[in-house]
């Protein structure tokens, strides 16, 4: 052995390793620029409530997008494959974006401003947004003429009836449940008793609930006034389903569609091709356009990948876009700082508001001083950092999102906007007063990279105030199931909630009404406050939307400040980028992403 | 190191008459521990048609010497000095290409272990034909004919069938025969046999030895026969060279060396060897001690630490001065000729009976 | 030969069945209920039970196992998603896709990655290993050996991001890593995979350099190689015929193991580069407790390993006549 | 050579280069007298400069790991402090250090981790500590299992051998990485009490267990071969004839003879376990934040945040791991050579 050879190559080894070390240097982070303007911007963008459009607003075609022309193919990069195509199973926003160009419902949101911030509810398949004669108990809809399925057969009231009846079938479990609950007039999932097993056994909803006197007419009858029905019907989850082509579970992969585009090819996890639906008549549709010939949707594009591809902007990438992918956290400040990208970058709020829920059923959490200590101690900065900084996450003061009417930018009872890293001194004083210094605090966190990152830093912040924090990971896929159990063992956990339509009526009652507490309900903090419950009942009867919005906000502020059960963390923001040849780029606040209905190829 | 004089008496340049002439050969290996002098000033001559036997313990430099003759040491690791002249051609300074032409052609080698010395991946026939095709420019067909001829000659039954067999399909003896056939493919003038029979049982051994002798008679080759088995050597060799620690310690005609050895080491070798006709109660006498380190050989006579007759030499001669090896029949020992004779007759010979 | 293949295939099938058992047990030890995932926001115990039934996980484990095995060989027709011809691995819980067609769908990515990288690292690795052995002791040898030592100590999860950071983000010399179907666009298939190939084969090539060099040097010291030299065969002839032939055995052995496990999905590589191959599929399957998919990937992966074991053993017979296949 | 313990394993019966052979012979000639193989190995090893240097590097890493708490105490920081909240002036709102080169400064020798702003220096120290601890445990577990099963199979033969060999064959057909990631959650769930935080030790135990199950086969296979050939050797035969119990023979006669392959294999296995453990943490199934870990640092390093904004960060775990692995592999070569000087490289 050993002819001395190894000495030399060992030396080379060390050199090679050293050479690598020399090349590694980087330039450091960027100062956050325009973050000061944010509050003023927010105020401007604050939503005035969405009105119900008039009948003539419901007449197609939709107004032309300036500069739009027909033709071309747009490539769409999406992170997640579409798990559901059956409208009744659609609740998440990426499927909602897809739904906006393939499915149609009785009503829909029509943008009334070019920047996608103002909307009104109009009739989509229906001739108007709905008429009610008794303050919202009975709603009548008439179908337009010339509306057809993609196979050319007409859409009739039987299809609409079937759409709502099949919501009671056991395999439908992912979509919204507002209308079912209203029909059955029960909370939670008890509505399923109204039509056990759905319409497949030949049973139907009684005419006292849903009546279809002729081919064109649909009448909803509720026990309580439901003034929000036109909003609810505009949800993707209530888009119509063909009675003849209903294949039950299999409908989820190959649904019959009615929108301007139809699914030509779908490989789950890989790609989807959308082509023009020739049986879609623009004259019947006040909302959608059909400029692009074809959408090629590619899945499994992580935010990093889609951002890189879109920034590249060469060849086919120039006509690419993502409906829902954001600019990833790593690229965000770079993208926003580049003036050349301005024309193809859009930003806006997502509907979600992050909040730290304090589990009010835990005996240790009964002490208000403890809850206040948590509220003061909790650092918000980790949450902001985990999502990519100030441009992706705005420190929240209250529980009502800037996209929902009633938002109050000056509300900030725990000084989070001034001291986003928390106030451990004040918190410790409160904890001392309560005599609970060193108490155990179980923090259930979602096991995602972001969850891991912010939960450790939040725990560190709480620790400084004198809590003994026990972090407990919860698998991301079952996170909401686990914290949704009434008898969970966690003291605090983070959730985010987005309004289903831009009214706090889809926020305050589901989240803070103590009477809906049950497994799987959205009142994750188990708030059960007499004043809150009573106020909810009172406010839901207010028919003036502006006044209602104000009142809803008051309840939410009471929850934060006086109940101290939910600590607002952040308003989710989103920045998206498109290829330079994509026209009609607008961030739609209702969809919470780029509006696919008006895109064209320049 | 002590005063090592030139091997006085040994001819300083190649004998014109000798077919192979080795002069003052030194082979050294560099290791991490130091320089190993595997062969240290070795000289001998060999003529056509004669057989030179080389005996010695393991590590005495026998194999190294012969690999050096063939030029099979990597010059990167071995330093080689001296002179090797084969049929008038100097080998040590010869280019690799020249050596390739000689190897397997003019000089060939039979290796010790036929199992590992034949490639398991190619047929015996191919391995036999290769050198013939290369050296004689023969076609495949001619080479095959020749190979079959040689296989027949070394006594392999059904050579035509066996031509296409792989070495593992041969028995040990057959493999050794195939090795010999391979060495003889190109009628070499010099044949080096490195313990060709050690791995074989006695009956096969005898057959192989007979075969070698027959072939020598037929081709008139010169043979170097390496072994540590004095019994075998007595059947084969004309001349004998006894090696110890990389040096020749005794040289002479086989009968003389074995009949009247003059070196204490040779005495030791003979005494440690059992004989068929010896008294079974007669104990064998092994040489005491172990072979010397070639890294740091003993001063003076390298055998002195193990030599039983050191006291017979006056003074510190044995530990200071390396005894020279004279020309012709000679032994490298400080004992006087008379001493050698008396000691052998009085003390050694009785044990050999 | 046929008998050998038959016998080994039978053995492989036994191992695969055992592996299925283990994977089954493993899955039932998983802390999550896949039905919960599918059940969604408005889940009720009824709906959950219903899903359990459609998934077939209300039955006992042996029963489920038996049904699964049956499906593999004769196919099944009891899925809501549609018929499932043999080999039926069932339908994914998560995506509702036929598992077998998902596997087949993801296979080209993995095969492209594996074959491309194997091609590169075999040539580069063996080439430099042979060169180092040929030039043993020289500066070239020492450079190659030292370089190989460092490179083979690299990890994909370091070298991968490093390569991306420098070649893509900083200098923009290379395209984004992305898989494009070869038949669709060979050029972008190539450019999209260059970096993963390079990274994967750098590490592998370094290992092959070391291996080829040391086994060549070992072979060159074999007596039969010395015999060949003693016959007067030239250095290069001996090097490339005699020593190389002997070196092939360890090389083929390791190569069989490597290519088998690469074809079964290079998890870390695919994860690092975001390539949608079998490795990533495996990670997804674990993430979503997707039993049919997980079983599918595991069996496929193991089948690849076993297949290449058999191929390697069959190769021995061609390389080494002493090996008899019986 | 009469003492049975000096008998060499069958692995050393390699055909030799003549010059190498002669060296070895002479080596023995000089040193054989009265030295145990261990002493011989030590003497040879000490002469190997590369080996000694690599050993020093390896020892350095272990010392750093062992003394991590002491070093960080002297240095005045720990790997858990969220500097992004403690020193917000050093970071932007996404948690990227504002200073160039990852915020390297007199205060933070290796800079700050993008995200929560942990101190990279102490994080690396503790990361090395945790990774090495786990890998050493895995190595010990696999060696014990491998020795036990391998030697038993080889020495006893028959049914035991058959059973062990089949198990080895079976486990070798496992897609190892896939098995790791699939079984980590399962193993963790076996230990976790749903009420409390998943303690770090559970993850550690799971990591060790999972790697152990699929880690022992190669060593067992090698030792089986060695034991098999030893079982036929004269001194074992002699011990058996003299009535020693099989257990005693294994302990007194077989085990001392398999020390060499065990030592050599362990020096190759340990770095392999280090990288495997890091790989698991990289994939997110090993140790997780905030527990410092080598692999988890790679996982952080491969995020877009780091790659776009702070490449410096990835070099600390990267370079340190390369140095460690290279040193350990060189050490492994040296150990092998020291035990078995004839193996040529």
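Labels A, B, C and D are assigned to the chains in the order they are written; within every chain, residues are numbered from 1.
Throughout what follows, a residue touches a chain if its C-beta (ideal position, glycine included) is under 8 Å from a C-beta of that chain, and two chains touch if they have at least 3 such contacts.
All of these numbers come straight from a predicted model, not from anything done at the bench.
The most central chain, judged by C-alpha centres against the centre of all protein C-alpha atoms, is C.
The pair of chains sharing the greatest count of C-beta contacts is A-D.
If you average the Cα atoms of subunit C and of subunit D, the two centres end up 24 Å apart. Centre-to-centre separation between subunit A and subunit D, using Cα means, comes to 47 Å. The mean-CA centres of subunit A and subunit B are about 91 angstrom from one another, to the nearest whole unit. Counting partners per residue, subunit D has 15, 20, 48, 185, 306-308, 311, 314, 318, 322, 326, 330, 344-345 as the residues that reach two or more other chains.
Each of residues 31-32, 72, 76-77, 116 in subunit B touches at least two other chains.
Touching of two or more other chains is recorded for residues 1-3, 6, 10, 13, 17, 20, 304, 475 of subunit A.
Those residues of subunit D whose C-beta lies close enough to touch subunit A in the complex are 20, 48-50, 53-54, 80-82, 84-85, 88, 91-103, 114-116, 185, 194-198, 284, 288-290, 303-315, 318-319, 322-323, 326, 330, 333, 337, 341-345. Those residues of subunit C whose C-beta lies close enough to touch subunit D in the complex are 12, 15, 18-19, 23, 26-27, 29-32, 149-150, 152-155, 157-158, 160-162, 164-165, 169-170, 214, 217-218, 221-223, 261, 264-265, 267-268, 271-272, 282-283, 286, 294, 297-298, 301-302, 305-306, 309. Listed in rising order, the residues of subunit B touching subunit C in the complex are 70, 72, 76-77, 96, 100-105, 108-109, 111, 113, 116-122, 127, 130-131, 134-135, 166, 168, 179, 182. Those residues of subunit A whose C-beta lies close enough to touch subunit C in the complex are 3, 5-6, 8-13, 16-17, 20, 23, 81, 83, 89, 91, 170-171, 173-175, 177, 189, 192, 248-250, 252-253, 267-270, 300, 302, 304-305, 308-309, 312, 475, 477-478, 480-481, 520. In the complex of the two chains, the subunit C residues touching subunit B come out as 136-137, 222-235, 241-242, 245-246, 319-322.
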